[in-house]
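Same chain, two partners: chain A is paired with chain B first, then with chain C.
Moving on, here comes the complex of A and B:
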């Protein structure tokens, strides 16, 4: 599966994309990401699975694309 | 020959769409980096009534992206300056100027007059306030925001309760340490130029039914590589409890506080900021007879009880640094000024003057 980062999350991950395996749902994915990138714990962001925003723990289908979407405030 | 001929001859647009634009009343929140291009294109397209709301004043660091303004406008109110420019270009349009910031006690009556709201503000408190007011009033909201080289565009609230709003994607505002101060993030003027123009585009399409809009979708755009990413938004059951459910509840919400702008710095950081003299000012908020006096730095004296009345003296500065005896009154002054100047860097100096001289004693 492909993880896409946006905004400030790109700075935390040091890249715009990650390839990961064996992440059956968003809770497991978030737990893994927070362990790898502890600063993510202090950030609020939304998740999209295959370009659909999801809330709560959501199943991640095989080969899915998951986007990490932080809020922007500038104008 | 008509000013709008080139758009109404477009197949599928037509005179009927042009009439819809002429009949529409659109409120643009913020005449800044997003608001300036949005206003230029909305007015050129012939939106019949446009409201411009902004309590901020033009400062020199705005000029790389707030393209309505130039050097002769420094220190002037953005809403009234933008209104003059747009009215001079198109005298047949009705342009309403609201030269103050939106607050919980004025937002509902201001928004009520318009069919559609365009949010080009530059801070989370205003964004949540505008969102919540639009949900309460059932007004469609064209949203745009930027961070460094990326932008977001979305349309909320087009289908009543079933539509997504900002809190469905971001139920609560980020904590202070997550929010970069606007003076710390750089931006190329073309980014808000692009995003603000996309917001005008979404507004025109939504009003006329032309093409497909970003209703209940959010578009992410990256200036560096033109990558764009569209996400379908959905209702979030967790979001409702964070949103005021009535006009009375909205009035009671403290929007300026809940995403806690970080308000304090130390003397060392303050001294560094003060080196940019045209952008930074140091204020003593104590009474004139209080000791010790500060002798080694240039400062202006505005006592705490005068701060609201004399706030206009600060309008051209980007960084306003406040001190008192111990840092308590200056923190209060900072909170007052943050409500007045949403995009300024308003900071209270920790420990006050006693801290400054503390090292010497």
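Moving on, here comes the complex of A and C:
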């Protein structure tokens, strides 16, 4: 699956994209990311799976695009 | 005879020019059933921050998702208000203080629908579109914009 970072999270990860496998749901993905990037624990962000924002633990389909979205600040 | 709408690109590279806004207004002169337009223009403000003064905002977006969301907002607002026209433009990349970064334009037979729809659109755009502003300060440092 493809993980996309946006806004402040790009700076934290040092890149805009990650390629990961074997992440069946968003809880497992978040656990992994927080272990790799401990600073994520102190950040407010939401997730989108295949361009739809999700809340709570959500299944991640094969080959999905998961985005890490800090609070929006357009306008 | 409902017109089928498809996702439109709302993004403009850099600032939205006053000429573009003027032209957009002029384009409506042939639509003589319109009786009122409402326009919102977002302008980059020179906020005083702890580390300096804002001199520009650099916008980035999750473009695919933003366009899909904008399409859904557009459809919802079109079905809620009797509008003739609706246009949404948002900047990407750098916009300097004093320049326009958001242009929302609604038109209808009577003013109330245009005004209410315009306000609702602006609120929803700021809250629901995956767009981020990074404030560039005059000492070249930067911080991420927070919407209030």
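We take it that the second predicted complex is superposed on the first by the 71 of 75 C-alpha atoms of A that agree within 3 Å, B and C clash if a C-alpha of one lies under 4 Å from a C-alpha of the other, contacts with A are read in each partner's own complex, and residues count from 1 in each chain.
Keep this in mind: a contact is a pair of C-beta atoms (placed from the backbone, for glycine too) under 8 Å apart; a residue touches a chain by one contact, two chains touch by 3 or more.
Predicted model only: the values in this text are computed from it and were never measured.
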Chain B versus chain C as contact partner of A:51, first or second or both or neither: both
Touching partner for A:7 - first (chain B), second (chain C), both, neither: both
Partner chain(s) touched by A:73 [first = chain B, second = chain C, both, neither]: both
Greater chain A contact set [chain C / chain B]: B
Touching both chain B and chain C, residues of chain A: 4, 6-8, 48, 51, 67, 69-75
Contacting residues of chain B [partner chain A, same complex]: 30, 32-35, 120-124, 127, 144-148, 150-152, 168-170, 172-175, 177-180, 182, 185, 187, 192, 218, 220, 229-234, 236-238
Residues of chain A that touch chain B when the two form their complex: 4, 6-8, 42-44, 46, 48, 51-56, 67, 69-75
Interface residues, chain C side, partner chain A - complex: 42, 59-62, 64-65, 68, 90, 101-102, 122, 125-134, 144-147
Contacting residues of chain A [partner chain C, same complex]: 4, 6-8, 48, 51, 67, 69-75
